[in-house]
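Both of the next two complexes hold subunit A, though its partner changes from subunit B to subunit C.
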Partner chain A sequence: MTQIIIQGLLLSGLYALIAMGFMLIFSIGRVLNLAYGAYLMVGGYVYFWVSQQLGLPQIIGIAAATMMGVIMGLLKHRLIVKPLKGDHVAVEISTLILAVVMQAGVVLVFGDASKILLPIVPGVTQIEGAAVTYNILVAAIISWIIIIGLYVFVRNTYTGRAMQAVSMDEKGAAISGIDPDRVNLITWGISGGLGAVGGVFFASYTQLSPTMWVGPLIISVAIVIVGGIGSIMGTLIVAHIIGFLEVIVVAKLAPELRGVFTMLLIIFVLVLRPQGLFGREEAH
Partner chain B sequence: MPDIEIKKLCAFYGKAQALSDLDLSASEGEIIAIIGANGAGKSTLLDGIMGLVTCTGSVRVGGDEMLGKSSSATVAKGIGYAPERFNLFPYMSVKANLMVGAHTAREDVQTNLETVYRLFPRLAERKNQETATQSGGERQMVSLGRALMTSPSILLVDEPTIGLAPKVCLEISEILRRLSTEMGLTVVVTEQNANFALSLAERIYVLEGGKITSSGTADELTKDDALAQSYFGTKH
Partner chain C sequence: MNLRWYHFLLWAAFAATLMLMPELVSKGTLRTMIFACYLAIFAVSWDLLSGRTGYISFGHPFLIGIGAYTTAILSKRFDVPLELSIPIAVVVTMIGGLIVLLPALRIKGSYFALVTLAYMELIYQLTQVVRPDLTGGTRGISGIETLTRGAVNGYYLAATLLIILTIFSWALMRTRIGTALWAIGMNEESVRGSGLSTTKLKCFAFLASAFVAGLGGAFYVHYLGSIAPRALFDINFLFTILVAVLIGGAGTIIGPVMGAFFLVFLLEWLRPWLPGAERYFIYGLIALVIYMYEPKGIIRIFSNLLGKLRGANK
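On to the complex of A and B.
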């Protein structure tokens, strides 16, 4: 039981970090960024290249991955999202195609074999009799620090309030002196950075492979659909629901059923509460 | 020189023309009203000034051409806007809504907040309440307050009395008058309620089918029998 609680908490923290960037884009830009998983994949590979192939300090690897994520987010907004403004289906199809192209690029550079990312912090500790790797512990702690930082940023800074304002009423934001296009650009940059850093931790928890973008994308979609748009707290809570669900299913039922209950939860919520458990009705 | 001067303004929604060759102006500290029926183009006019609708012609503010500029540039130039539907942020508190208005006027934030709370004491009392749970009158106050947080010299107010109780309409009217007399703001109000406009504005423009059909002081307009009959319900 202790093992389930600890593993659930740690995995949920990681899932919350992974979903946060996806939720921001969905809440503010109203777009399902289907290339989001590719941020994680590229973030993981950049970290692998910098810290394991070039042998530079891990912190530089994490910074390089984050920077790459930010750049990808900004470019995606300027080159795809902005020119296709208003056509959400076209944006979503384009982002999905982009993810496949990025996967091909990674195969070209790094090959298609999976790579093992060395633990960011090696070693194992015992918590209440449960074995916990330092790697997942550190990943969860850093996830929490980033999530709390994001929460404080969104609630207490002019830019954060502008992001909330654009998500609730774009015209209201514009007549308050906010440039919604600039806010969207910033959001895509932050989302890219969050995705890439999430990818480093996710890859260190699982493994690095050119197809690793699919799993985190499904987790992100699930968390945002079940949680609803526009709520950091909602994302956090649902990340814990899904994280614990997966840990319990793996421990008590069968590892093969790991994602099945998450999918059923999505259908359940879509039928009974389409706006999500913590979602808000659209402003009129 | 007028504080705001509009010349030959035309507005378009795609190929449909909503405003035609519209001219109007307001001097510093003046209150003007634009009256007209639903669909006359009142909201389009104010949206056009704010850069939210495609327009041709000229909108000069303090001598500078603003047409073609973004809404954020228009706000930074000193135009505040309280739209008809409020366009508030429903899941933010009253204070957070006001703070969003301070986005371009950060150095004046404390002074502006005090001014808004002095003008609308109810907002100070309910500063932590989400605007989604407020009455129409309170939301109108938040909308005006948010516009004032932008440190405007010109305030555009779209149909401030629509759906509000007579007592609240009087409060709003008094506040707009104080903004003009005490703070020197130029106020541009659109209204369907001609009597409200008549009691508030120094000059009134009549907007019909996207065109200004007449203008003048309240006295001048009420002497026009056809107009008085249509808009003020009286006849000389």
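On to the complex of A and C.
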């Protein structure tokens, strides 16, 4: 029981971090960035390259991964999202194509085989009789720090509030003197950075492989869809629902059924309550 | 229907080109063309549904997989003859199409696309866990009875199927129902406003699409002789279908066929330089550039060029 609670809390923290970046984009532009999983993959690989192949300190690896994520986010907004002028389906399709391109790019550079990341922080500790690696513990703690930081940023800074405004009503925000285009650009950058950091931890939790982007993408989609638009709290709560759901299914039923209930949850919530459990009602 | 003499001429030329191929190309190329034919069938199936009505399905592998698995399980595990198992597979796929239809009655756009994506992941995980004695679990089923022997026969079967299904789909889309489906893609409310039942129309589109997907999937598995969950219920497979349609030109039936052949041959030409999955890097980039430049596909680029030439002649 304690084992399940601890495992669930740790996994959920990681999921919440992964889903945050995806949620930001979805709230602000109503577009699903299907290449989001590829940020995680590229983040993980950049960290692997810098810290394990070049042998530089890990903090530089994480910083490099974050930079890469931010750059990818900015580029994607400028080169794909903006030229498509808010055509949601077109953005989704082109980001899906982009994700496969990035997957192939990773295969081109690093090869097909999956790679094991060394733990970011080595060692194992015992909490209430449950073995917990320092690695996942640190990942969960850093996730929480980033999430709280994001919450404060969105709530209290000018840019954060501008992001909220654009997410609620783009025209209204523009009338109040906010440049929606600039806010969008910043959000894509932040989302890319969050994705890449999440990817470093996610890769150290599982492993690095060119197909690793699909899993976290589906989890982010599930969390954001079930959580609803524009709600950091909703995202956080649903990340815990899904994290615990997975841990309980793995422990009590069968490890192979891990994703089945997540998928069923998405289908049911989308069909019964398309605005999500915690999202606000859409005007149209 | 509004048929013209040149329609017959173009379709005859299309069928004749496909049928003459075995005389012109080598056995190896022919195997590539078989894959292109099946991909074209899947692309046409996607186009019937999503190209017209605007309900973007990310779960098409779900339908194709149902068709393929049903006939594979029936023929391999229960010794049902193929003449029976393939029609059953098509019917089961059409029932699957109705399952995909259910969310489409309430939600659309991105949300609908996501539900279908969830369907695909769901069935991918279920095939591995539920009754592995039937589905073969992660490893899938091999040694499935094949319909034909040799590349030439396999090609004739695939090409015939492709010709029949494209002409069927094309004719279907030129009827009043096809026009109504177009209208749904443009403005669903006004279709309802003009007194048509959008539910019935959508139901029809999903069934037609599932019919083509199921038939294609069933014949494909009896050509390959094996089936595995990761080969079918995979984002990369979905990507290949989507890209074929979009590069060719959505909503045109013949566009997706052209797109499928273009892409399969592009992949083959890249093989000497890039043997593995890296090929998708170039393939995807080309797809992305074409899609960003002209979302309506090659067919639109051609017709624009043609229009310009005509304009220049005047």
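Assume the second predicted complex is superposed on the first by the 282 of 284 C-alpha atoms of A that agree within 3 Å, B and C clash if a C-alpha of one lies under 4 Å from a C-alpha of the other, contacts with A are read in each partner's own complex, and residues count from 1 in each chain.
The rule we apply is simple: a contact is a pair of C-beta atoms (placed from the backbone, for glycine too) under 8 Å apart; a residue touches a chain by one contact, two chains touch by 3 or more.
Since the structure is predicted, the reported quantities are computational estimates derived from the model, not experimental observations.
Engineer: For the three-chain arrangement built by superposition, which of subunit B and subunit C touches the greater number of subunit A residues?
Structural biologist: Of subunit B and subunit C, C contacts more residues of subunit A.
Engineer: Is A:Gly172 contacted by the first partner subunit B, the second partner subunit C, both or neither?
Structural biologist: In the superposition, A:Gly172 contacts subunit B only.
Engineer: Going by the contact rule set out at the top, does A:Ile266 touch subunit B (first), subunit C (second), both, or neither?
Structural biologist: In the superposed model, A:Ile266 contacts subunit C only, not subunit B.
Engineer: Quick one: is A:Arg161 in contact with subunit B, with subunit C, with both, or with neither? Answer first, second, both or neither.
Structural biologist: The first partner, subunit B, only.
Engineer: Hey, which residues of subunit A end up touching subunit C in the complex?
Structural biologist: Within the complex, subunit A touches subunit C at residues 30-32, 80, 83-84, 88-90, 92-94, 96-101, 103-105, 107-108, 112, 210, 214, 218, 221-222, 225, 254, 256-260, 263-264, 266-267, 270-271, 274.
Engineer: Inside the complex, what are the residues of subunit B that reach subunit A?
Structural biologist: Per the touch definition, subunit B meets subunit A at residues 50, 52, 70-72, 75-76, 81, 83, 85-92, 96, 99-106, 132, 146-147, 149-150.
Engineer: Spell out the residues on subunit C that touch subunit A in their complex, using ranges where they run on.
Structural biologist: It is residues 54, 56, 58, 102-103, 106-107, 109-111, 113-115, 117-119, 121-122, 125-126, 128-129, 235-236, 239, 242-243, 246, 274, 276-281, 283-285, 287-288, 291-292, 295 of subunit C that touch subunit A.
Engineer: Spell out the residues on subunit A that touch subunit B in their complex, using ranges where they run on.
Structural biologist: Residue positions touching the partner: 158, 161-162, 164-165, 168-169, 171-179, 230, 280, 283-284.
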